[in-house]
Every structure is written in C-alpha cells, then in structure tokens.
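Note sheet for the following structure.
For reference, chains read A, B and C in written order, and residue numbers begin at 1 within each chain.
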Amino acid sequence: MNSKILGKNQLTKFIDEFIGEYRVFAPVKKGKIIGFDEIASGKETCLDFQNTKQPPKSVFFPQTEVLFEYKKGEKGLEKAGSGDRDKILLGMRPCDARALVIFDRFFSSGEHEDLPYLQKRERTAVVGLACNHPLNTCFCTSLGGSPFGSEGMDLKLVDLGDEYLVEILTNKGEKLVEDIKWLRDAEESDLNRARDLAEDAENAMKPKISTDGLCDKLDGMFDDPVWEGIHQKCIGCGVCSFLCPTCWCFDVLDEDTGTGVKRVRIWDTCQFPLFTKQGSGFNPRPSGKERMRQRIMHKFNYYPKDFGEFGCVGCGRCVRECPVNLDIREVIRAVMSV
Amino acid sequence: MEDLGKTMQDVARRLLEEGKVDLIVGYEKGTTPIRSTPCFIREAGDVQKLIWDPTCEANLTKYLLDRDERIGVVAKGCDSRSIVVCLAEGQIDRDRVTIIGVPCQGVINRKKIEAELDKQEVVEATVNDEEIKVRGEGFEKVLPTTNYLCDSCLSCRHRNPVIYDFLVGEKVPEVEDANDFAEVEELESRSSEDRWDYFTEELGSCIRCYACRNVCPMCYCKECFVDETMPQWFGKTDDLSDTMIFHIVRAYHLAGRCVDCGACSRACPMEINLRALRKKAEKIVKERFDYEAGTDVEEAPVLGTFKQDDSQEYIIK
Amino acid sequence: MSNPYIPNIAVIRKIITENAVNDIKTFEVVFEDPELAESFTFNPGQFGMVSYFGAGECPIGIASSPTDQGFLQFTIKKVGVVTTALHNSMEGQKIGVRGPYGNGWPIEAMEDKNIVIVGGGFAFTTLRSLAKYMLHDENRDRYKDITIIYGARNPGELSYKYDLENWGKRNDLDLVITVDKGDAEWTGREGYVPTILKEVSPSSENAVAAVCGPPVMIRFTMPVLTELGFQPDRILLSLEMRMKCGIGKCGRCNVGNKFVCQDGPVFTQKELESMPKEY
C-alpha cells in the first residue's frame, strides 16, 4: 500500500478514527511536562515536543502494577484482570520504538516469559513520529539507531511542514489505515521531501561517539581504575533508570489492603544500595562505584553479549535529566579511551 | 569584572600544592549549555577546570559526607549553611574540611529559560551575573540573568557564606527584608480543598526516583525510612497516598534543618514544586522557635533540644 | 503462556525446629491442588519462591529430595520480613510456592563419579537434598564413593540431626561431621570445614565436589580442593543472591551476563572464574 498524506489540521480527525475501537495512548501535556497517557479524544494529543519526559515504557510496564490479589477467606488468589481492547501507541520517536523492541525481546526471553508485560504489549500498534530536529543530547546514531528509523513501528509519521507523510511499514499498519478513505496518496514530491528531511536530520546529529568494539573492550575492564572516577558525582538516585526507555529492573512487594494482600511490582534500579543487599547483610555492590559499573557494563557489555545489541538507544533523557549532569556519553568516551 | 573562577583556581591550586587537602570539590563546565557539573580534583594541574558562574547550582556539601579524605569544597551561601547543619549534627569533621566560600547572587533555573524559549533548544550559551546569551537554530537572544533565577534564590537572605576558610571575591550586599515565605503565605490563604487539589496535582506525577532525597545533604540516613522493612512504615508504590506520605514525612524530617538551597526542586525530573511543604515547615520553626537552620555552628539543632520556654501551643490551647 | 508470578497455594503440614536457638526451621508443605502435589518434580539444588501473603516472597532452596513423594521441605533461617512471618506461622497456614527455579546440581553429569559434598552452616540445605537423592535406593548405585563433610558453628547449629543419625549407620557413605567449637557433650570432630576437608583428604580421582556455605568458608575451601587436585570444572558451587522474581526478569541477581536464578544457582568454579566477582 502506498504512503499516505495527512494534513496537520486533520490529525485530530485521524486519531478520532481509532478512539472507541482501540485504546489510544498519545503524548499529552500533563501540567508542566509532556508524557504518554490514554486519550479520550484526538484533540488531547500534543505532538509539539522533541521527546516526552517519561518514555512510553510506562504504558506497558507502569511504575506500579498489581500482579495478583490474595483475598482473605474463601476467595483466595485472584489474578489481576487482563482483558483489553486493541491498543495504539502514537507519537513515539524512533529511539523509543527501538527501545520497545528491546523490552519485548528481554521480557519474552528465557524459560519464563513476563506475561503481565507481554499481554499489554501484544495487540498494540505503534504509530511512530520521525525526528526532524534531533536534540544535541540525542545520540541514537552512535548506537545503531537513526532519527528517521522505523524499527518497532507499524506506521511512521514524517512532519513535512503542513502535512504528515504516513509511511506504512507493516501489515498491522496497513490494516489501521486501509479503511480511512479520506487520506490522500502521497506523491513522489512528498517522498522526496521526506528523504531530504531524513538526510538533514542525520547530518544535524552531533558527531557520533565511537562505540566500535565497546562491548569487547569492556570485557577486560571489570577491575579497571576508570570506574573510581566515573561514579564520584553520582548521587545514587533513580532518575536515569526510571526515565530510561530500556531499563526494566523491578522490585516485588506485598501490600496489605485490609481485606487481603496485593502483590505489586514497582520500578527499581541497580543504583539503589538495597538492590543487591542480601538477607545476611552482605552486599556484593557496596558502593556507588560498583553500582555505576554495573549500569554501564549491563548496557554495553552484559546485555549485548546475550542479545547482540546495546541496551541503550541514545534517547538522551539521562543526559538531560541527571541532577548532577553525569553524562553517559562522557562515560562511553572515558571507557573507549582507556 | 573580577574573574572569580580564576581566583578559585588559585586557591585550589595552593591548597593542593601545599598538601592542605587531598581533594577539591568544585564546579566545572557541564556537557550541555547552561549547565555546570560537580568536579573532583586531586592534582594541582587540573584546577583550571574549575569555574564559577550562575550555573553553579549543585549543593556540594553532599560530597563531604562519608569520606575520609581532607576536602576543599566550594560553598555558596546556602551550601555553607548546610555545612553548618551537618557540622552541628556531627556528620562532618571540621578539621578535614576547608571551605572555599563564594558570594552568590543566584543560580539559574534552566526550566525558566526553556519556558521562555518555548522549548527551542539552546545550542550554545554564555552566562554571567548580568546576562545569559543563548543561541540556537534560527535564534539568538540575550536574557537578563536576574529574571531566570531559581525561586529559592529570589528570596535568599544569605548570599554570602556564613562559614568559610577562604572567601573568593568580595561579599555582596544581603537582601535583609526578602520575604522568603511569600509562596507559603499564598498557599496558606487558599481553602483546604484548593490546597488539596494543588498538592494532589503536583505530587501526582512523582515517580519515586528519590532524586530529591539523594541530592539533599541533610538526607544522610544510611537507611531511609521508606526503605525500612522491619517494620515497613509506608508503601513504595506511586499510589497517591504512598507518594504524599513520603513527601510529608520528608518535610518533617527536614524541619529546622533545610536551608532552602533549592537542589531538590532542580533535581526533580517531573518538575514538582518540592519547596512548598518544606518551606511551610521552615516557617513554623521560625515562628515557634525563632530559629533558622545553618546560621550558627555553635547552635544546637532546634528539634534536638528542648528549652523551657519553647512554644507549646499545639499541646495547650 | 501462564503468568509466572502467580504462586501455587501450599499448606504447612509440619514444622521441625532444626537448631538450638530456634532460628532455623524446616517447613514441610503440601500443595493444595492434589494434581500438582502429585506431579510436582524438581532437581536437587533448585529453589522455590516461597510467599507469605502480606509479608512478601523470597527464594528458598528445596531441602527435600525429589524422591520424597507428595510434599516439599524448605529449611528457612529467620533473617527478615518474610522469614520472620514464616517462623511465626503454625501448621495449617497457607503459603505460596512458585517453582522449581534454577538449574540445580547436575545429577546426570555426576553419575559414575565419586562425589564429595562439602557444606557449612545452614547453606547445607540443598546439599542435603542432593545427598538424600543420591543415597536413595533407586539412585545409589549410579554414583560411586560418596563423602559428606558437614560443619556448623557449634553442635546446637547442626541441622537435620535425624538424617545425620541415619546416614552415620550406612556403610556406603563416608560421613564426617565437624563443629567449629564443641561443647561439653560433643565427642565428634572439632575444626573448621576447610581444615577438616584437608584432614579427610578425599581423592579427586574421577570426582566431583559440590560445595555450599558462607562466603568465608568458600574462600578457604577452594584452595584446599585445588590442592587436592580438583579441576575448576569439577568443583560445583551454589551461589546465594538477593532475588525477587526468580525467573530472570527483575534484574537483581544479574552477575555479568548471567542470572543466578536462571543460569545458576549452581555454577562450576570454571564458570565463576569468567564471571565478575559480584556475588
């Protein structure tokens, strides 16, 4: 099916086509920040942003999620409901879409798949949004991504100025638009404009950070003194992990509801000291140095060894939001220069 | 205008060369425009990294805790007050700390500049006490620094460090009559429903990252109350009740200790107004005990002492 | 695809106090679902995620042998929230059990070999499972000589005294019990496990060593085994790590590119040498 053209003034109409039949998640203005939320109407959508504050992982992997409830008395164990309509996740940047694919791969790996995540994730179509103006803190191209990348998307919107080019990337995407008859077909000039914008965006990206051989290099660096300096200013909070689209570590707790018990999972991070503290009191990662090393090694060595790709998509959220400006790009450079 | 950064470098170099300190903790240029970042210097040859300008926002007192090294630390007015609090509470050994005090006229709130530029990205910036020159794709602007300072700086009454071993630059005039409780008074004037709505809205976006807690020098507990399991005091989820209680209890724990350096608000990725609750606690402490945190290292912590004439209005009405 | 986080309900059938200070108990549990009680199977060395609803969940090595029909045993030391709640339970209490997880001791690869089991303190629990399995009539003749060296801080701390008594009567097993410090009634050996191991000096010829104990014991046991001629791929260790999901998803038992809950908890010394020292 050919690419389509959607006028910017038709965006609300386009999104409204899906509301009702699908649950639609899109970027919305929430007070001072822009984040993903379920919308009831197309006009709530805000695409006027470079990237959302929080990554879209919160749609499928929320900060707090009930795994099951155990009610006192006869009822016993009650599983958290899972019945759901099909979903559309709209307005994801290419880095976030790639991150979602990484999440999918990890949560479906091993002998036990993560049902709560995968159940929400299946029956979701992704409508991406290409980056015409990557920020200076973006570094997706250093890690195998691209501001106009298509990985993980079913449809891709490209901002051509007054209109969006709607690229159809998968069968799922085709199904979404095949009944929307009022979309006009894209012309050669539209496709050329999109290609030019893609080239401009790639050129606008700051020079690539060298990551050739980074995974192998880290193999011998577990005891390298470079880790002493890197972690010093880190304050050990969870900002980088919680805003990272590829971080998935979680904690599991029981909460008393009065009539029973809820088992919930909440976001956790290897940067918190309690993450690995054992019942005996022994902690294999006693200080910030070991914990920062774990973060970097996991993203650029341990995870790639098993899955063949870096555990970082270069979205730049940690760079922008770290309270002390601990820049992961500087860490990569420091490691590469050892 | 005197380049205080240069003076700071000279002081740091001398301290290292003379072996008075093992480590200098100061500020260096950040990796994104209008940002500085804490820097750790152990070799005298590295001191030229040190800078001083209105981007030097971090409260470096945090890095004095739990270290055996002798440290020379750069401290603004508010930072020096948190050093005083930590000294009074026995968390820092005065003999191991050399305070490089620097008078400060406010640090920049980047979010205010972002709002002004309507999210256009700043590619390059130069910053000094008078103006901020920003440049981005298709725009170039000069903004007066004073319009973009952090809220905590706007009503600061301690621009000069209250304790120091070296003073970099000349002291600046204090603004004695700044009303730093203006925002609290405004909130107090609202109805309780309004206030509930306000705080529900602000705290509803908290993701429990604990950046506010970790960036605060006064939050030095080895195990924070939220992490206690035996017994478990409060939940750790992002349910509103769990989140609210975290912020309320934290405000209580900081009553009479918080110096309003603003680090928590700046650290919060969700841009929550974190100062409001704590400022209210600070106001109560001021009214009841006529006490302001971090001004006198000889003074005992206010909620750690009991005086016969302490206000008892909450017990006896 | 079933939800791996949902535990199966089990009932505590019996509680046995194992040590004198009463902070180690063995819980014998039966699954509520009779089909599951019948069909549940596992390898020695695997663990279950045991829930006390309201307190939480934690990983506990399975102490009973797969040859024990219809029930499971978990030996639990009281250290934290969940374990305290379990210790305060009575018979009849319903708990949750998920599993079995982990790789377990490689019982097939260990066949036709001499087995040296070295355990210290309460970490002996999965070695007890292994020993029970191997010593069972159906399995004994698949393994050659078996030597068990088990030590505790003092006589009161020795667990499974009932098993030790039975094993002592067998003539197809070399059982060596030791304590760090005896008491007035103690007539057995006295000495740290690594020291006793050196004294017993089991042959490393066609042998596999299975080791589990506190970090300090492991640290001193490894050189003794190496001196006795055990190659790194013939030394098996069971690691302890903080775990929350048990299925390689929550990230906290991640060591290098492995998850202790999935790729372990049993590793050969050779594998451990290629992993970062973060355990």
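One rule holds for everything that comes next: a residue touches a chain if its C-beta (ideal position, glycine included) is under 8 Å from a C-beta of that chain, and two chains touch if they have at least 3 such contacts.
Just so we're clear, the structure is a prediction, and the values are computed from it rather than from any experiment.
Peer 1: Report the chain closest to the protein's overall CA mean, measuring from each chain's own CA mean.
Peer 2: Central chain: A.
Peer 1: Starting from the Cα centroid of chain C, hunt down the chain whose centroid lies farthest away.
Peer 2: B
Peer 1: Calculate how many whole Å lie between the centre of chain B and the centre of chain C, each centre taken as the average of the chain's C-alpha atoms.
Peer 2: Whole-Å distance between the two chain centres: 50.
Peer 1: Between chain A and chain B, what is the separation of their C-alpha centroids in Å?
Peer 2: Centre-to-centre distance between chain A and chain B: 31 Å.
Peer 1: Quick one: chain A and chain C, Cα centre-to-centre, how many Å?
Peer 2: 40
Peer 1: Show the residues in chain A shared as contacts by 2 or more other chains, in ascending order.
Peer 2: 251, 253
Peer 1: Please set out, as single numbers or ranges, the residues of chain C touching at least two other chains.
Peer 2: Expected reply: 80.
Peer 1: Which residues of chain B touch chain A in the complex?
Peer 2: 30-32, 35-40, 58, 62-63, 111, 119, 121, 123, 137, 201-202, 205, 207-211, 213-215, 227, 235-239, 263, 266-267, 269-271
Peer 1: Note which residues of chain A are touching chain B in the complex, please.
Peer 2: Checking each residue of chain A against chain B gives 30-33, 35, 48-50, 53-54, 63-64, 133, 135-137, 229, 232-233, 235-239, 242-243, 251, 253, 255, 264, 266-267, 272, 274, 319-321, 323-327, 329-330.
Peer 1: Which stretch or stretches of chain C touch chain B in the complex?
Peer 2: Where chain C meets chain B, its residues are 80-81, 84.
Peer 1: Which part of chain C faces chain A closely enough to touch in the complex?
Peer 2: Listed in rising order, the residues of chain C that touch chain A are 1-7, 9, 51, 53-58, 77, 79-80, 83, 96, 214-215, 240-242, 244-245, 247-252, 254-257, 259, 262, 276-279.
Peer 1: With touch defined as at the start, can you tell me which chain A residues reach chain C in the complex?
Peer 2: 67-68, 70, 76-77, 79, 106-107, 109-116, 118, 222, 248-254, 256, 260-261, 263, 265, 268, 270, 275-280, 282, 284-285, 290, 294, 297-298, 301-303, 305-306
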